[in-house]
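Got some structures for you, see below.
First chain A sits with chain B, and in the next complex the same chain sits with chain C.
This part shows the complex of A and B:
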């Protein structure tokens, strides 16, 4: 009897890790498409999602706007903010200054945090539960509507992104400009517009991820940071120039982290994740790493 | 050659004596009180105090509220004539809840701004980061909100505490829980490190000889999935779960516990008695027992009612718990300055050591002495019901 209970507990933990991993994957998807098109890392990406969600919360909770309108404004804000980050900052970084994008976006991270703390506040707030409190048991595992929403949206968003990238003219143009922007431009691709569009779509994804994460935890000016860190870790391990491997790593990372916390305690979670990076870097084939360096350069 | 060496030695000894004399007379809290001497930060018109608090970052809500409480008190005090014929000014710098930033900012306050004393503060790890420096510099610190077992005793005689440490708080809370039935299994989820360890030590003290199993789960702020912790707690079979986490993490854990159908009785540290927590997470925290370090804002105590009136008049809005905390920190600091025979650090320390049973209405009566830096040894007990906090016991000490 005790064994069955333990088995159910572990299944529950694996399932919740899977859902958390899906959230990492949605965040990572935005990071991936931006990196692949503009070769830039955006440390402020989580804060773009925070702007959408905390802004949305402020809209419906403090200003009294209808929920749908407040969320829509939040999403539009995220799209605008991410596009402006590219247009006003990233694009201005001169070539041959590797690492400057990290410094610039770190500054934007702090700026967005301070601005939202000033406009809204520094407290944590409960967000729309989006079905988190409606659940039923399936095979001994408690599954909520929110779990289904997260998994369903992740699958949908990832599949749409994959189809766009591989089956459409837009995807071909994106891949062409990622390979060599100059050649793509001479072939008639409007690289600048494409790039702005990519950052805007990434902003939209950040907003979606931000809303989903907040529905399971709470929203404040910092709540997206741990999620973004895990997404970056999955990107590092899986390769930011690839599509499926980093996203699969993101989902597995959620499961791995949850199992470690359940089996060895909450204190073990963060060290275990960083241990995973060291092991992955040590065991990863050199070809895999070199290929990524070429893209980053 | 011998003459030169001798001259150098004399010069060095003289310099050393001079330096010693300067530091003990100008800035030392050690030594006896000379009523005619004035300390750093004191002019004919002003007394300068300082504090560091998290004004940005994850702990900003507490710091901003505490600063506002202090500023409101000093504004009223100055309007009423100040202290010893001088206006009181407090410089509050942002430490972002980070010990190394707090150290840098405290150096700025002590060495550059030249404050007389530290007026309050908010946050344990950041304040603990400056304690060794304050001790070296002999700067008195009055009523910081930094519950820790390393403070409130003569190991750090320059820090005068006015809230119980987490060990005492959780011992009192756990004893209260024991009186509500005969629980055999209890659990604690606490922020990993000094905070969680202190709470655990308090619960262990309360459970001595009672045959209660305690499961302790240390947590790191920023957890993205609380289901594993909730599952661990469920597996332990704990009838009570005690919590000492941030607001967001407390809410996240309670949500995960509810999701997996685990609904034990809950108890939490005093931070959960704040309106900002109850407003946001009250629905998840129904019937949660909470420690009360400060009086409920709707208390019938006339001193609390007066505070609410005065604060509202100063700021134009009703106070929060952190405003209350900042107000009482400033009130205790001002009381020390009022009773000091002179405006120097040794005189301030002497005055603080003489404070006995000082009743703010907000805190249990505060008493310090030559060997006593703890200030208070009691907390109140409250319960979250609906969207309100019900006071079950105004003050409860370890003996009860």
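This part shows the complex of A and C:
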């Protein structure tokens, strides 16, 4: 009896880790597609999702807008902000200055955080629960509607992205311009428009992830940073120029974190994850940390 | 062997290394005068609290110089620099709690900074760019976690009051003495950073930053250069943190978190990566500006403007204020030259 309940506990822990991992994967997907077309990393990416979510919260709870309209405005805002980051900053980074994209986006990270704190406030707010409090028992595991929503959306988004990338002309042009922008350009691909489109889609993904994370936790000006850092960690371990490995690592990272917290207490989560990345990057065979394709990252 | 090669690197091909043009005694005198005025100004203009702030500029200047060596010269992106300051600050604090004096504290800060610097440096040798940033960020988060979970030793999130330091008849709780105490290590750090730029090691760092392939091809030991840069920056940051704790009289984990590290980046980028003067300008900015914004009753504007500055300066004037000033100066000189030519 005791054993069975422990088994169920463990199953529950793994399941909740799986859901968290899915959220990491959605954020990472946005990071991956942006990395494909612009070979750069956006440290402010989590804050783009924060702008959507905190903006949406502000819209419906302070300005009194209908919820759907507030969220829509938030999502549009995220798409705009992410496109502007590329258009106004990333695109203008001079060649041959390694790490400048990180410095610039760190600045944008500070800027977005400060702007949202100025407009809204620095407090934490409860967000729409999106079914987080409606539970059902499925095979010995308690599943909320929110859990289902997260898993369903993640699977859908990842599959659509995969199909778009591999089965459509759009995906072919995208991969071509990722390979060599000049050749793609001469083959008739509008690299600039493609790039803007990709950043816009990434903004949309950030908004979706931001709203989902907020519905499970709460929303403030910083809540997306840990999520983004974990997505980055998964991307580093899995490889930013691949598709499935980093996404799978993202999901496993969620499970790992959840198990560590279950075994050693809530306080152990942070060091466990950060030790993992340090050890992983320090010990991984050289070919996995090959930076050939990451000239600017 | 590498020394000879990089010597030749700096000279133009087919030409003997030119002797360093002797600076005119006048320009040296002007420079010395400017430095003396700048150093003497704070105690003459300020008193009380603002002199403490000036002493904090000196502490942050040392940290900024450390990051300038690591990022500005060697091109290694570290998001744990404020954590290294924290390492120094908390080492000093813990020792002073156990009744150890200044020499023991300083010795311990040096040793602990070297050890932590080496621990971070070695695994990061094969990494650069984003991976390096991420690993150093992880180190910073681990340090923050350590601080908040060792409340008995470090005071935890509540922070800790640091006892003032007394050296001879100088007590760091007196503003003027705090400034004077901070002045000595600040001067030493500046001289060291200036001198480093003139050594083989300093030139090797620049080469590692500009092109590792080129550096390797002329026989520069990349790993050794990076490790030395890491260790130097950790020691600079450690002493800076210790000095900050003594001058400020209070430390908490928030002083040494990710944001603090980002602000140190603001200092280096704004002043001009790769320039000692720039590091000091940047340090003055990151210490004085938040105080000014608080004085104006708008403390929230500081991060907003700090973020905008970091992005805009990095994009538009990548050489910072020093680079901008230099560019304007050469343009003015050129105009003067053409003007005299026209007149002739």
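Quick note on the criterion: the second predicted complex is superposed on the first by the 284 of 297 C-alpha atoms of A that agree within 3 Å, B and C clash if a C-alpha of one lies under 4 Å from a C-alpha of the other, contacts with A are read in each partner's own complex, and residues count from 1 in each chain.
Operating definition for what follows: contacts are C-beta pairs under 8 Å (C-beta built on N, C-alpha and C of every residue); 3 or more make two chains touch, one makes a residue touch a chain.
Predicted, not measured: the structure shown is a model, and the values here were computed from it.
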Please determine, from the superposition on chain A, whether chain B and chain C clash or fit. clash
Pick one for A:220: touches chain B only (first), chain C only (second), both, or neither. first
Considering only the touch criterion stated at the top, classify A:125 as touching first (chain B), second (chain C), both, or neither. first
For A:270, using the defined touch cut-off, is the partner it touches chain B, chain C, both, or neither? Pick first, second, both or neither. both
Is A:117 touching anything from chain B or chain C once the two structures are fitted on A? First, second, both or neither. both
So, does A:140 touch the first partner chain B, the second partner chain C, both, or neither? neither
Who does A:261 touch here: chain B (first), chain C (second), both, or neither? first
Please work out whether A:12 is in contact with chain B alone, chain C alone, both, or neither, and reply first, second, both or neither. first
Considering only touches as defined above, state whether A:66 meets chain B (first), chain C (second), both or neither. neither
Who does A:230 touch here: chain B (first), chain C (second), both, or neither? first
So chain A touches chain B in one structure and chain C in the other; where do those two contact lists coincide? 113-114, 117, 267, 270
Can you tell me which positions in chain A touch chain B when the two form their complex? 5-6, 9, 12-13, 16-17, 19-20, 23, 113-114, 117, 121-126, 132-133, 135, 142, 144, 213, 216-218, 220-223, 225-227, 230, 254, 257-259, 261-262, 265-267, 269-270
Which part of chain A faces chain C closely enough to touch in the complex? 41, 89, 92-94, 97-100, 102-115, 117-118, 229, 232-233, 236, 267, 270-271, 274-275, 277-278, 281-282, 286, 289, 291, 294, 296-297
Which residues, counting only chain C, touch chain A once they are in their complex? 71, 75, 77, 122-124, 126-131, 133-135, 137-139, 141-142, 145, 149, 259, 262, 265-266, 269, 300-301, 303-304, 306-312, 314-315, 318
Would you mind writing out the residues of chain B in touch with chain A in their complex? 56-58, 60-61, 64, 189, 192, 217-220, 222-229, 231-232, 234-235, 246-248, 251-252, 255-256, 258-261, 276, 280-281, 283-284
